[in-house]
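Below is one structure, written out as structure tokens; the observations come after it.
Chain IDs A, B, C and D follow the sequence of writing; residue 1 opens each chain.
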Amino acid sequence: MLTELKREAYEANRGLPAHGLVRLNFGNAIAVDRRRGIIAIKPSGVDYDRLRPADMVLVDLDGKRVEGRLRPSSDTPTHLVIYRAFGHVGGVAHTHSAHATSFAQAGLAIPVLGTTHCDFFHGPVPVTRELTRREIAGSYEAETGRVIVQRFARLDPLEIPAVLVMRHGPFTWGRTAAEAVENAVALEFCAKLAAQTLGLRPTGLKFPAALLDRHFNRKHGAGAYYGQR
Amino acid sequence: MLTELKREAYEANRGLPAHGLVRLNFGNAIAVDRRRGIIAIKPSGVDYDRLRPADMVLVDLDGKRVEGRLRPSSDTPTHLVIYRAFGHVGGVAHTHSAHATSFAQAGLAIPVLGTTHCDFFHGPVPVTRELTRREIAGSYEAETGRVIVQRFARLDPLEIPAVLVMRHGPFTWGRTAAEAVENAVALEFCAKLAAQTLGLRPTGLKFPAALLDRHFNRKHGAGAYYGQR
Amino acid sequence: MLTELKREAYEANRGLPAHGLVRLNFGNAIAVDRRRGIIAIKPSGVDYDRLRPADMVLVDLDGKRVEGRLRPSSDTPTHLVIYRAFGHVGGVAHTHSAHATSFAQAGLAIPVLGTTHCDFFHGPVPVTRELTRREIAGSYEAETGRVIVQRFARLDPLEIPAVLVMRHGPFTWGRTAAEAVENAVALEFCAKLAAQTLGLRPTGLKFPAALLDRHFNRKHGAGAYYGQR
Amino acid sequence: MLTELKREAYEANRGLPAHGLVRLNFGNAIAVDRRRGIIAIKPSGVDYDRLRPADMVLVDLDGKRVEGRLRPSSDTPTHLVIYRAFGHVGGVAHTHSAHATSFAQAGLAIPVLGTTHCDFFHGPVPVTRELTRREIAGSYEAETGRVIVQRFARLDPLEIPAVLVMRHGPFTWGRTAAEAVENAVALEFCAKLAAQTLGLRPTGLKFPAALLDRHFNRKHGAGAYYGQR
């Protein structure tokens, strides 16, 4: 069932360690089938090396397992909240990649300091608010999804396809699972550049809005002229 | 004799350079057979590349070589003290991995700054006290084990399966030698995240106890729901 | 047509990820045929893995595509301005390599702090001025080339074969495309050394002109005695 | 002629990029035949990838080429001064490895901050004095050797088998060329640990002499008990 969706989720999950974004088994990615209301996700706590496409678990909108012998990732409820709230998203990735996670642990957004950032993210990559004690004690993983969605109340998730969960790490998304992984790679690289830039100049440099817009739009805007279109 | 124990120790020792935790031949791991009161350990000063399972040295509780042509690691007395004091431990690993060792050299515990840390260590990873001049001049390696055990007088070694020996480097342990190595990998990654986080925000951020407990317990507690159980 | 030029450009472009200078597809290199007034350049937004020599796009001095099915890199106008202004240049490379880009994002030149730098660059590697709002809104990529050329009004591009475009990243050049790539590798390494040196000693150390001249000239001067000449 | 010596020098030179100590072709190593008064050294400016044992150049005590088609490394005079002054040395290595070079560029010795350092170097790794303008203009490479020897006037080169040439980079040595390379690997790792430690605790921690002696001597002293002796 849904062999193609499982294959897409599998490729995305394999991409995470291949790009150096996960150590041990911190991290996972989902692929979304909006028509059927089903996601394919990595099974919980399984080594990336031993993962096969058939191991992907199919879960419906309510988090009920539709197919698969293994238990889905414990982060499944977070992914489901994102998928339901962000309409055009076809894939979500979660990693503990080192530089992005360091910003999350410091409780700091990743500021716009260079054009590399603008090529992917149309503004700073925001950090969620602290979870309350009640949220931590309750449906912790679903609450994590909710603070992400809350943080985007006034932001467009397609213009800034990434967030830092405070003290935890990044989630990224995209129109496909592969794009979510690409955004995770870009996020980690931008976080590394930002940390190094702040090391050289601790106060940073205010970034001109015109340059941010130009770079984002030449790749993603209506008149985009980057790539083979 | 004890082929399986030697194989387990061998795999653990090979895992250290494979995970980038040792350069040259700094580091070693042991596997423990509690029923027989015997450990298998790496021979001293032998290159990891040339290591074979049969090279592992068998040593009893008093540090006497039971089998093996080669001399055991000079850290053997440290491992033995840990093994005798920490009842449920089946393996111990010692590395000079770069970030954990930097905290040890700075004489600083690794603080809890993120959920990655909580997934493995239920609190800060402590640093031992300074050895006295007399302890350094005496049975130096056994004394190193003793200050580790002393440091855990009020800590549970299974809740925090790692320590930093001041000015030296980390030791980690687990129910098996493989788990000790996994904890060494996690420790180095958490130390890296902590150093980077402190680089971005030198004072750190106080971590909520509720979040620490939630993450540790969802993986290790009585009601754990992480992985395939 | 111009198979050799396309091969040279292809090899240079492949060298960028091979030397760890580009992630995703940030970066490109050109090879120049001055006699014919033609450059070979990477197509826009194509993955390095799938690149073949025949994919290289041939462009004339005015930026008109002379041969090639694919659209040339969006950075083509920048390369063309450099090629027209810097007479002896046979290749140009552009990367987002992490340390050089961090200096560009901080708006700081890479200072001369060691002899490794002197072996390649006869002075600090300069950073361009900020683009005006009008320049950003206009022919952005050509304007980027113009501020580079402006910055070299009183510098010799063969003595300092590199520049940092403010907030963006480095461009390097050389007598051949291969030399441009070699200079990109050297620049990234010197930027890394400089960042680490400033980490140890934030004010840096003033560098003696005599030592800068000696190192640059023993490799590049009239009486050069480095290498097999 | 002297095939074994050339093989030893070749293996040492290949070890430098293999251990990540050189980028491009910064770096070289020599092997010494004291009985014949001859050294084997890397040819100048030749890529490590294309190097063969037969390319090694044989040079006598006065720097005269005894055998070899290629010109010896431009650093040959530095190596010769070291070889003549340090009696028990059988090999010397020179690299621009990133962390050790950063200390050299900052004009700072590598302080003793941990036991890893003590296992190889019986005290801080010193930095040479600034060369005078006259020394730079004269026999620059031989003068570089002379300030190294000067720096060891009151130090034992076998107890501290490494030095940082100010603003330039490290030289290491040993009883064989392979040991010189091993010391270059250890030096870079200790420099990395020291830089990271100072990042966590900028003032460092004074290191107890008793611990330094214990670690150095258990490996190198008269009663050494490390390794298979």
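One rule holds for everything that comes next: a contact is a pair of C-beta atoms (placed from the backbone, for glycine too) under 8 Å apart; a residue touches a chain by one contact, two chains touch by 3 or more.
Keep in mind it's a predicted model, so treat the numbers as computed, not measured.
Enquirer: What is the set of chains touching both subunit B and subunit C?
Expert: A chain counts here if it touches both subunit B and subunit C, which gives A, D.
Enquirer: If you apply the touch rule, which chains end up adjacent to both subunit A and subunit B?
Expert: In this structure, no chain contacts subunit B and also subunit A.
Enquirer: Using just the Cα atoms, superpose subunit A onto subunit D and tell me the rotation angle to the nearest 5°.
Expert: Fitting subunit A to subunit D on C-alpha positions yields an angle of 180 degrees.
Enquirer: Name the chain whose C-alpha centroid is farthest from the C-alpha centroid of subunit B.
Expert: It is C whose centre lies farthest from that of subunit B.
Enquirer: For subunit A and subunit D, let me know how many angstrom lie between their CA-based centres, rounded off.
Expert: One centre to the other, that is 46 Å.
Enquirer: Give, as an integer number of Å, the spacing between the C-alpha centres of subunit C and subunit A.
Expert: 33
Enquirer: Specify, in ascending order, the residues of subunit D that touch 2 or more different other chains.
Expert: Those would be 199.
Enquirer: So, with touch as defined above, which chain pairs make the list?
Expert: A-B, A-C, B-D, C-D
Enquirer: What part of subunit B is in contact with subunit D in the complex they form?
Expert: Against subunit D, the touching part of subunit B is residues 23-24, 26, 43-46, 70-71, 74, 96, 98-99, 101-108, 130-131, 133, 136-137, 140, 167-169, 195, 198-199.
Enquirer: Show me the residue ranges of subunit B that touch subunit A in the complex, using the header's touch definition.
Expert: Within the complex, subunit B contacts subunit A at residues 113-116, 119, 182, 185-186, 189, 192-194, 196-197, 199-201, 205, 207-208, 210-211, 214, 218, 225-228.
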